[in-house]
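A, B, C, D, E, F, G and H are the chain letters, set down in written order, and residue numbers restart from 1 in every chain.
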Amino acid sequence: MKLDEVTITRAILSEQSKVMLDYVDIDAAVVGAGPSGLVCAALLAENGVKVGVIEKKLSIGGGMWGGGMMFPRIVVQEEARRLLDHFSIAYTAFEEGYYVAKSVEAVAKLSAAACDAGAEFFNLTTVEDVVIKDDRRVSGLVINWTPVEMAGLHVDPLTIACRYAVDATGHDAMVARMVACKGGEVAVSGEGPMWADRAEAMIIGHTREIFPGLVVTGMAANAVAGEHRMGPIFGGMFLSGERAAELIRKSLR
Amino acid sequence: MKLDEVTITRAILSEQSKVMLDYVDIDAAVVGAGPSGLVCAALLAENGVKVGVIEKKLSIGGGMWGGGMMFPRIVVQEEARRLLDHFSIAYTAFEEGYYVAKSVEAVAKLSAAACDAGAEFFNLTTVEDVVIKDDRRVSGLVINWTPVEMAGLHVDPLTIACRYAVDATGHDAMVARMVACKGGEVAVSGEGPMWADRAEAMIIGHTREIFPGLVVTGMAANAVAGEHRMGPIFGGMFLSGERAAELIRKSLR
Amino acid sequence: MKLDEVTITRAILSEQSKVMLDYVDIDAAVVGAGPSGLVCAALLAENGVKVGVIEKKLSIGGGMWGGGMMFPRIVVQEEARRLLDHFSIAYTAFEEGYYVAKSVEAVAKLSAAACDAGAEFFNLTTVEDVVIKDDRRVSGLVINWTPVEMAGLHVDPLTIACRYAVDATGHDAMVARMVACKGGEVAVSGEGPMWADRAEAMIIGHTREIFPGLVVTGMAANAVAGEHRMGPIFGGMFLSGERAAELIRKSLR
Amino acid sequence: MKLDEVTITRAILSEQSKVMLDYVDIDAAVVGAGPSGLVCAALLAENGVKVGVIEKKLSIGGGMWGGGMMFPRIVVQEEARRLLDHFSIAYTAFEEGYYVAKSVEAVAKLSAAACDAGAEFFNLTTVEDVVIKDDRRVSGLVINWTPVEMAGLHVDPLTIACRYAVDATGHDAMVARMVACKGGEVAVSGEGPMWADRAEAMIIGHTREIFPGLVVTGMAANAVAGEHRMGPIFGGMFLSGERAAELIRKSLR
Amino acid sequence: MKLDEVTITRAILSEQSKVMLDYVDIDAAVVGAGPSGLVCAALLAENGVKVGVIEKKLSIGGGMWGGGMMFPRIVVQEEARRLLDHFSIAYTAFEEGYYVAKSVEAVAKLSAAACDAGAEFFNLTTVEDVVIKDDRRVSGLVINWTPVEMAGLHVDPLTIACRYAVDATGHDAMVARMVACKGGEVAVSGEGPMWADRAEAMIIGHTREIFPGLVVTGMAANAVAGEHRMGPIFGGMFLSGERAAELIRKSLR
Amino acid sequence: MKLDEVTITRAILSEQSKVMLDYVDIDAAVVGAGPSGLVCAALLAENGVKVGVIEKKLSIGGGMWGGGMMFPRIVVQEEARRLLDHFSIAYTAFEEGYYVAKSVEAVAKLSAAACDAGAEFFNLTTVEDVVIKDDRRVSGLVINWTPVEMAGLHVDPLTIACRYAVDATGHDAMVARMVACKGGEVAVSGEGPMWADRAEAMIIGHTREIFPGLVVTGMAANAVAGEHRMGPIFGGMFLSGERAAELIRKSLR
Amino acid sequence: MKLDEVTITRAILSEQSKVMLDYVDIDAAVVGAGPSGLVCAALLAENGVKVGVIEKKLSIGGGMWGGGMMFPRIVVQEEARRLLDHFSIAYTAFEEGYYVAKSVEAVAKLSAAACDAGAEFFNLTTVEDVVIKDDRRVSGLVINWTPVEMAGLHVDPLTIACRYAVDATGHDAMVARMVACKGGEVAVSGEGPMWADRAEAMIIGHTREIFPGLVVTGMAANAVAGEHRMGPIFGGMFLSGERAAELIRKSLR
Amino acid sequence: MKLDEVTITRAILSEQSKVMLDYVDIDAAVVGAGPSGLVCAALLAENGVKVGVIEKKLSIGGGMWGGGMMFPRIVVQEEARRLLDHFSIAYTAFEEGYYVAKSVEAVAKLSAAACDAGAEFFNLTTVEDVVIKDDRRVSGLVINWTPVEMAGLHVDPLTIACRYAVDATGHDAMVARMVACKGGEVAVSGEGPMWADRAEAMIIGHTREIFPGLVVTGMAANAVAGEHRMGPIFGGMFLSGERAAELIRKSLR
């Protein structure tokens, strides 16, 4: 068989334009493909929710790739060990209750799980704004290509509709800030100083629908709540992603 | 259990310093974690070879994340379909012989396979130079942190020993160029114009040990040979990675 | 009628994805939407040729917007006055044989004519490479989004097929240089010093098929031929665009 | 006839210096050559108003070139269809009430119309400040070359007088902000979140003289009013430009 | 003896990983290796305190290298002459009470003294945050590699525990600002205008524990207190470093 | 009298457009307003030659402002003392034969002299190319605004005619390089190492018409000749400018 | 006579170090060498005041070089004509009361006059801070090399004493802002919109000692007072410089 | 005693200008203050040679600060242990023949020794060129402030005379390259690939006077000779610095 460049081009354009037209209207839009966003997307998709993951960067994984100070290992505590098991991420025990995994493997396995479950990834895509109408609810996201923004070009965005948006953008809590900035009744407090124990303990409580249609998870949840900062420990992140998925699943039923 | 920041720090430092001390002397050092490098690393590790993957960027996956022109889909031809199956990457048929997969899933599954098989990843790590002594063989790599180079700082590198180095750095063929530049009998021709069919057909032949201790794979193999350019079709890349792994495995026996 | 954001998004995606899938295989690909490229594209399309214009920048018009030293006027000589008339560009006589037009109007009218005649514009699109197979002919172009290149991202390109490519990229003669660089029998001499009279007189002779499938026009034609440089006089540019269109039309018959 | 470089130079300098000296005192100065500015300028000029268009960039067209997310199509709703017809912009119906046009054609046709009607364009020209004297009215604009600002050079501006200034600078509402910043009784609220239907419905009401001598149009009008954001739909923009032209025409009589 | 690259690498990794694991829990963490930080660290270490010096830059010495306006001389007044003697820094008398030393020698001798006394230096290391738990005390520092920050990469930090942190970061008073920003009862006033005599006289009084666990010294002490600015006179800096060391030593007993 | 902004604008535009139209055809175009260019322009104008000075930067004076290593003093030797006197530049004797002047005064007096004598300055103007026709003579210069180039914009230049061009662009010898690059029989050797005595002695001999219509002066003369480098001594520069003026004056008679 | 590089170096170092040591204590420090600063410095020096001019840039002249929009002409009104005459700046009458001069000549003549009168220029020198002691008076300036700041280096400044400082830094009013920022009872209002007539009329009244030891002049005077903006008309600037010189002269007696 | 800012300024200016005037003529100018330059300077000065060290950066120490890959430890082999002892640098044995020292201490102690012995440091100073006259010997260096170059400013340099220049600029061998570039009979081969054992063994032989008046040392010596690369082992560097000092000392006698 002779390979033809134009057929390759058509295959890609044809498949992806179908996906794009289909995903302009989804159940859940997860913004940010770091640890909590990936867990949330994977678990939502495993439960049959139509989920799109919008990631600003070219690569998926967020701040997990670099471990701690470029030593590519992450730590997970006892409470979240079952999620390592759920996603088949290998680990070794350092001390009782402290499990060490490879950061690269953690990203790979979470992304693989989300793909297997049917989540669609839209990388190099930036959320520029939110859709809020007179029902005072986040009912869509205004998106653009990241390189357009990086290159400082003036190009209009497009819009997708979603029943729930998930802010998994980390300590910047970008989506929550947009809602606040556009007059939504949301206050973003910003992270407090480091205190891993407390931050991990509180994160599940902070994972909630802070504005109709907008759920915060992971570091974004703690940042909105003014919670203390965590270190390179990811149990709370995973559990927060799980919690966000549960909240949305219940609401969508 | 109270979580303690210092224990988390110790867990990461302790685990990774053990790994680093262990991996200063390895069987195969794969430079570049794009499609051919990942396939090569995964298959080597599956066969019990001690393999380290050195990736310049923070994230693993190279040029595969963006699909074609940011439409995150890749195409694989019939000949390489068995490797999609081997690594559990889902696909759909576009036309006979043209299979379309998600670019994100492809990266995730290849990385996951390499981790499962025991490969170690050293991301944010740049190869600055090669070790060549009077046996005229690449017997090690001179490495540094990528951010040190990005920040333009003057910091000395360290050295690791390897029985084989794999140049999977894409069309720049960085390691091959270093050897050429330091007087090795290697010529890097650079890619020719696009002609997918021929490029895919020839890549396996170009995958070879171009200098004692240095195997080229993927786009680097084609670039060294002055071969035509491929498009966003990845079958040849996967097969070239597989071929590189075979060559090394046989030599190491 | 209530306006719906998602319908607007669908309208744009749906229309443009149809156009993109259609235009992966065209008669003539004009690279560069400056004066000669626009004239060539307009005249080709007026004659029923399926033509796509690939422009690196966000805006169409190239170097014509700024007139001379930001004084937005251009000069056209007697020989090309009929093309000003053809495209309804207003002008005044300065001295006998020297006609002055508004640079903004010149761009607008040429672009409008090309659109009316049915040419399709692909702006923010960069030509990364050419397709040359064993027939030693430019038979396609390898394209990517310009912002991807501006942002320094690693994303694979796509490919379109064309029966003729037109290098209208100005004095850089980018496509001709790519062919030369990839081993085509093409030499790009570069412009000589300014000598408007001679440069204008010779440009039509230099407008030709310099490599099978590749026609050069405008400043690119002069640059390939090592011809003298023109000033802010555009008659020769327009006539060269016309000449390029004629050459291709005849060949395509 | 021998072409002479110096005559070409004289032709451009001579013509443009006459225009510049003439246009230091005009009826209407439209700041920003995006969709609403172009419609406003074209319709004013069609009605015999002496109008100058001041555009910061080298090219005319503003944010319309890129369509939505670089897919170069724009959408116009039923209410504004007659303006597409007025300016001879071709379109196709996507769904009832949603018409799709080429973004490149829209820019070209609007610019061409403005030129035909006699508007003068001053591109690469930045508005640095406004003239407000003791009549508390915007009676002129302080302008400079854009490249001077881009290059960070310290060069004094010049001043033009105008009976009306039109702020068509998009969501930044640059002229309105200057007036506010210099103590004018103007408040610029900034855009709200996306809600296309409402934004399109309200824009005509927001198009008004917000300070003596200063009319806002297009996105600037909505931004001043704190209105919701539109998407890549341009009907409201065109109608707002028309409305601004009407307001000024009536006042100037 | 044959030198072996891998042994060299192992020697460095092995020694430094031991030091890093040891220094995750220390008595005093001096942030900033300028004059006051170096004096403080040297005197603490001379008294048997386990002290780590965290310096953002690659080199140690801070603002002392350049003397005044790149003339590499510093001035020290009578009161601090004994510290020049203590650290064997040579000087000449300019006028009575004004002693001039070489800036390079001052840095070298202070660093040498700190090393001799057993202080450990962590250069290219940035303090990103502080650890504050419910005892409302700075009990640790959150650190990262400086090049990671310079390169704009997203990599998680690690944490070290310390009984005292010393803010010797100069007039930015970075650590004090972090505590203030995270809700600690600390106000950073910023430096006043230059008045050397007063600033030198007051600095010892401003050297104090401004928040439990956090001592400020040198310019940071004056900046926190809103004190006047000093010139290129270093006596107060040295005396402030000495005072900070005394305060900590007494508390640690 | 009431001051009117528009009259101020008209005064500037009107005066300068007359000058620009007049100076598109001149006797001598001096490129570069450093010491040798200023001396040359002043002396030419004093002798009734119509001279335009084209300076790339906003300010006139070139490398003379900074003296040596930012100490704003220059040295002039005995041979050139009479030119200091001619231009009323004050000086003091350091040793016999070495006179020291203020660098700021030197620039001011030379510029003032050139203005008094009737030279016109075109600052912020870059020479992009030369005009060479079949008489193989530099008969004009292709110029553009410097900020256009600094901002990386694509704007066409304009052309002026001149009977002589003077390359006073310093050790880059920019105009000479352009002629060489466009095929003129000119070789630019580049400066040799520093040897002030020889460089000063030879510069007058190197000041000559190196190509019909092009005279080199100052550091450009030495650079073309491959001569040794001078230090911050300006006698030779002044004498070279004087020599260039003589050569041209004689030819123009 | 043989020229010797080392003697040239010694001549420059020796002369300038004498000047620097002498000028650490002066009567008047004029900050900014634009039109008002130059007039002020020249007139002070003509009256025997020991004056140093501190200019941030390499060249003297500030914003006057570029005329209006790079057309190098300035306008001066009737009231200030006598100052043109005083400084021998040539001019032509445009309309009654509007005189046009060359911007280059204006800079050159003002600088020459200041040098002739004995003012010393310190270019490439930045004012970093002011000296204010318990007499609540600006009694000195804290200076550094500009390139040190441009290069982002950490080098300490030096200090000079002055009986009066003149803020001639233009509309930024840098010195006034420093005093305000360090707690001085000074408010900097910022310029209002353009209104040349009023701004020119009021500037002399705004030229005053706004804080003990600190006189404002030129645009800085208007900016402090919240006055309207002038255009490229320089009469007020010159008169303000003259007024500042008078104020200081009287106080110093 | 009251401290006075102006006295502090005078003290610095006065001392350093004496040093600068004295050091315009020296015995040995060591360019580069890395390990080999520091050893060479210290040993020369210990033997009574008048030596100036010219360092481009603000800080002294070159590439030694960062150890290997930011782990601040260096390795020294048996042969050079006596130099660690000579300079009182502490170390521990890792394996037989491999000694590990703190990189910070190594810099500090070498700098301190050079200061104690009487070497003068000129930091932030760049060598721009060399002095070579008809005796074909490097007899001086042309220097400038580094920030001037970093800021891209056009300021003339000054010159110092020296009997010997030492190129200790590392693998760039900057001074040797300048001589080669200006026509000296010197070839700079560039480093070969890493091979620590050989590179360390050969470095002393490569340390020599490669051109009259120019001695190369450290990595510069190996780079000139095309020698293999060393790793983060510093014995050869120290020994090469010692050898360079010996060569010069003998010649100067």
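A few remarks follow.
Definition applied: contacts are C-beta pairs under 8 Å (C-beta built on N, C-alpha and C of every residue); 3 or more make two chains touch, one makes a residue touch a chain.
Values in this document were obtained by computation on a predicted structure and should not be read as measured data.
Taking the definition of touch as given, a chain qualifies here only if it contacts chain A and chain E alike; those chains are B.
The fewest steps needed to get from chain D to chain F, moving only between touching chains, is 1. Farthest chain from chain H, judged by C-alpha centroids: D.
Distance from the centre of chain G peaks at B, each centre being the average of the chain's Cα atoms. Centroid to centroid, with C-alpha atoms defining each point, chain A and chain F lie 62 Å apart. The distance from the centre of chain B to the centre of chain H, each centre being the mean of the chain's C-alpha atoms, comes to 40 Å. For the pair chain A and chain C, the distance between C-alpha centroids works out to 43 Å. Chain A and chain H, compared by their mean Cα positions, are separated by 52 Å.
For chain H, the set of residues touching two or more other chains reads 5, 8-10, 12-14, 17, 58, 65-70, 124, 131, 140, 145, 147-148, 153-155, 158-159, 194, 196-197, 231-232. Inter-chain contacts occur between A-B, A-C, A-D, A-E, B-C, B-E, B-H, C-D, C-F, D-F, D-G, E-G, E-H, F-G, F-H, G-H. On chain H, the positions that touch chain E within their shared complex are 1-5, 7-17, 57-61, 65-75, 77-78, 90, 92, 94-98, 100, 102, 104-105, 107-109, 111-112, 115-116, 120-124, 145, 147, 194, 196-197, 200, 231-233. Residues of chain E touching chain G in their complex: 62-63, 65-70, 192-198, 229, 231-232. Remark: chain A residues 5-6, 8-10, 12-14, 17, 20-21, 24-25, 58, 124, 131, 140, 145-148, 150-151, 153-155, 158-161 touch chain C in the complex. Touching chain F in their complex are the following residues of chain H: 129-134, 140, 142-145, 148, 153-159, 178-179, 182-184.
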